[in-house]
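Structures follow.
Each of the next two complexes has subunit A plus one more chain, namely subunit B in the first and subunit C in the second.
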Partner chain A sequence: MPVKIGNRNGLTICYVEGEIDINTSPDVKKPFDKLISSKTPKIIVNLSKVTYVDSSGLATLVEILKNMRSYGGKLKLSNMSSKIKSLFEITKLEKLFDIVADEEEAISTFV
Partner chain B sequence: MQGMIKLDPLAFIKSILSSPSGKVSIKIPSEIKYLRKASSKILSALEGRNVDEGRIFDIKLCIEEAVRNAMVHGNHFNKQKIVKIMYWIGGDTLHIEVEDEGSGFEHAAIVDPTDPTNITKNSGRGVYLIRKLMDKVEYNDKGNKVTMTKILNQRGNIVCP
Partner chain C sequence: MMEPEIVIKADNVVKSFGDRTILDGISLEIYKGETFVIMGGSGCGKSTFLRHVIGSLKPDSGKIFLLGKDLSKIDENEMDKVRMKIGMCFQSSALFDSMTVGDNVSIGLREHTKLDKSVIDIVVKMKLEMVGLRGFENLMPSALSGGMRKRVGLARAISMDPEIVFYDEPTAGLDPIVAGVIDKLIVDLSKKLNITSVVVTHDMKSVFSIADRVAMFYEGKVLEIGTPEEMKRSKNPMIQQFTSGSPDGPIRFFQQKDDYLERLVA
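Right, the complex of A and B next:
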């Protein structure tokens, strides 16, 4: 399973591992669909163990964000490698997402 | 050409050809499972050339985006249609051609995925990333072949194989 789900300070934290691409995107999205169906209000996505993201992976994250926003949920992305962060900058998705340096910053700005 | 491709587990291996000019041709069926094999084959040619991780990431991403576009938009996932990939290294530059059997597309007509009105749509981002991450990108007139060029070493040094 490429996504492990934890809880800190009452916040749901999703730890994604490996690659988010055309092959893995459906498996990455599944646990988020469950959290979204139960209208989880705040989710932190820790990407520290993500090594590769393609346009399908970016699309998957956009889809998750859109679905969360549909019920007023909030999402933060944390612990991105500099390379993956550069993809968000190039595609200007950094303006769409709330990107923070690490989990601690995500928690402190969420609570 | 198509006759060279057999849709069996060895199809990928059967479809690699090297020419005396150093150009390597890979032909793969339009199935996602061959995507990573194609990118891995090209990246393996860069081993020992001291290409930094960032460039390796960019090259892998652009190969996979271009090949996937060829499979999806060019060949419409028709397994009988192949994607032809040709790559060669000239001096310190990697050249990759990706060609499908489709009728071509108007690449200039692709919407800007960074435009605020398109930012949440999921089309055009792959082509956009290729344009941004490669040093040079050219399409043939028909629009079914893209040629991507990436300088392998930041300082432009000639790296011997």
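Right, the complex of A and C next:
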């Protein structure tokens, strides 16, 4: 399973692992679809163990954000490697997402 | 200094159609991340070579390695997997006129992945943004100019995040300004996305503005490989003639008169 779900300070934290690409994006999306269907208000996506993201992976994260926004949910991305962060910059997505350095910052700015 | 990673290698590739030898022992290497231009006059074998590299044609002899795979030793199944890692930008754009721009861009994603339509729609918007066609997804190709069609073809070529993009005469038939826009896009995408670009062209302005290295083809052979600057300084009279666009020189553009008369009475 590429996504493990945890809880800290009442916040849902999703730990994504490995590559988020054309092959794995549908599996990455599934657990988020469940969280979204139950209108989870605040989600932190910890990307520390993500080694590669392609366009379909970025689009999957955009879709998750879009679906959360539909009910007023909030999403933060944390622990992004510099390589993945540069991908967000190239595609101008760093302005769309709330990107924070680490889980601590995500929690402190959420509460 | 680290050795560059070779993503394409041609080793003495020979191909004939009937009694005409089109590729006459082509050997070259293309490195990861570079923009490699194959230039040469019409009929020099450059497009035929491209078709061999993408596996559409098989050589009579010699070998081609694409992303580490010996194309002579892999079956269609494995070839399909390799093709997933390459993108192709055709000279004619090759858009499906019955489909919207968005459907043209997303065809590979719809055919070869299990991605949700909603995710594919977002990928399409991202790719159209990269080629400067924001908001064009619902238009039909017939509503587009030649330059826009090329850009849609480019968005489609990069839709599945390929490692290599092949361009066949990307600026053919475009005015100089639009051709310059396409050239800039090729360079930008190559650098931003770390894509290896292989461009077949006879547009010398393109060659000098986009190439990291250039191979000059003539009569199915590689005359010389070098940087654009090295090509400009080349002492080879054929390369000098081609880069200067001179009608006079060792490269013959017309059949011999005797040959013409022989053919008339043949």
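To be clear about the criterion, the second predicted complex is superposed on the first by the 111 of 111 C-alpha atoms of A that agree within 3 Å, B and C clash if a C-alpha of one lies under 4 Å from a C-alpha of the other, contacts with A are read in each partner's own complex, and residues count from 1 in each chain.
Rule of thumb we're sticking to: a contact is a pair of C-beta atoms (placed from the backbone, for glycine too) under 8 Å apart; a residue touches a chain by one contact, two chains touch by 3 or more.
Everything numeric in this text was worked out from a predicted model, so none of it was measured.
Superposition model on subunit A: subunit B and subunit C are shown in a clashing arrangement. After overlaying the two complexes on the shared chain, residue contacts for A:Lys83 are found with subunit B alone; subunit C is out of touch. By the touch criterion stated above, A:Pro26 is placed in contact with subunit C alone, subunit B being left untouched. Once the two complexes are laid over each other on the shared chain, residue contacts for A:Tyr52 go to subunit B alone; subunit C is not touched.
Applying the stated contact rule after C-alpha superposition, one finds that A:Ile5 touches neither subunit B nor subunit C.
Looking at the shared chain after the overlay, A:Lys95 reaches subunit B, while subunit C stays out of its contact range. Residues 21-23, 54-56, 58-59, 62-63, 90-92 of subunit A lie at the contact with subunit B in one complex and at the contact with subunit C in the other. Subunit B makes touch with subunit A in their complex at residues 32, 35-36, 53-54, 57, 60-61, 64-65, 68, 113-114, 119-120, 122, 125-126, 128-129, 132-133.
Residue ranges on subunit A touching subunit C, taken from their complex, read 21-23, 25-26, 29, 54-56, 58-60, 62-63, 90-92. Put simply, subunit C touches subunit A in their complex at residues 109, 112-116, 118-120, 122-123, 126-127, 129-130, 159-161, 192-193. For subunit A in complex with subunit B, the residues that touch the partner chain are 21-23, 52, 54-56, 58-59, 62-63, 66, 83, 87, 90-93, 95-96.
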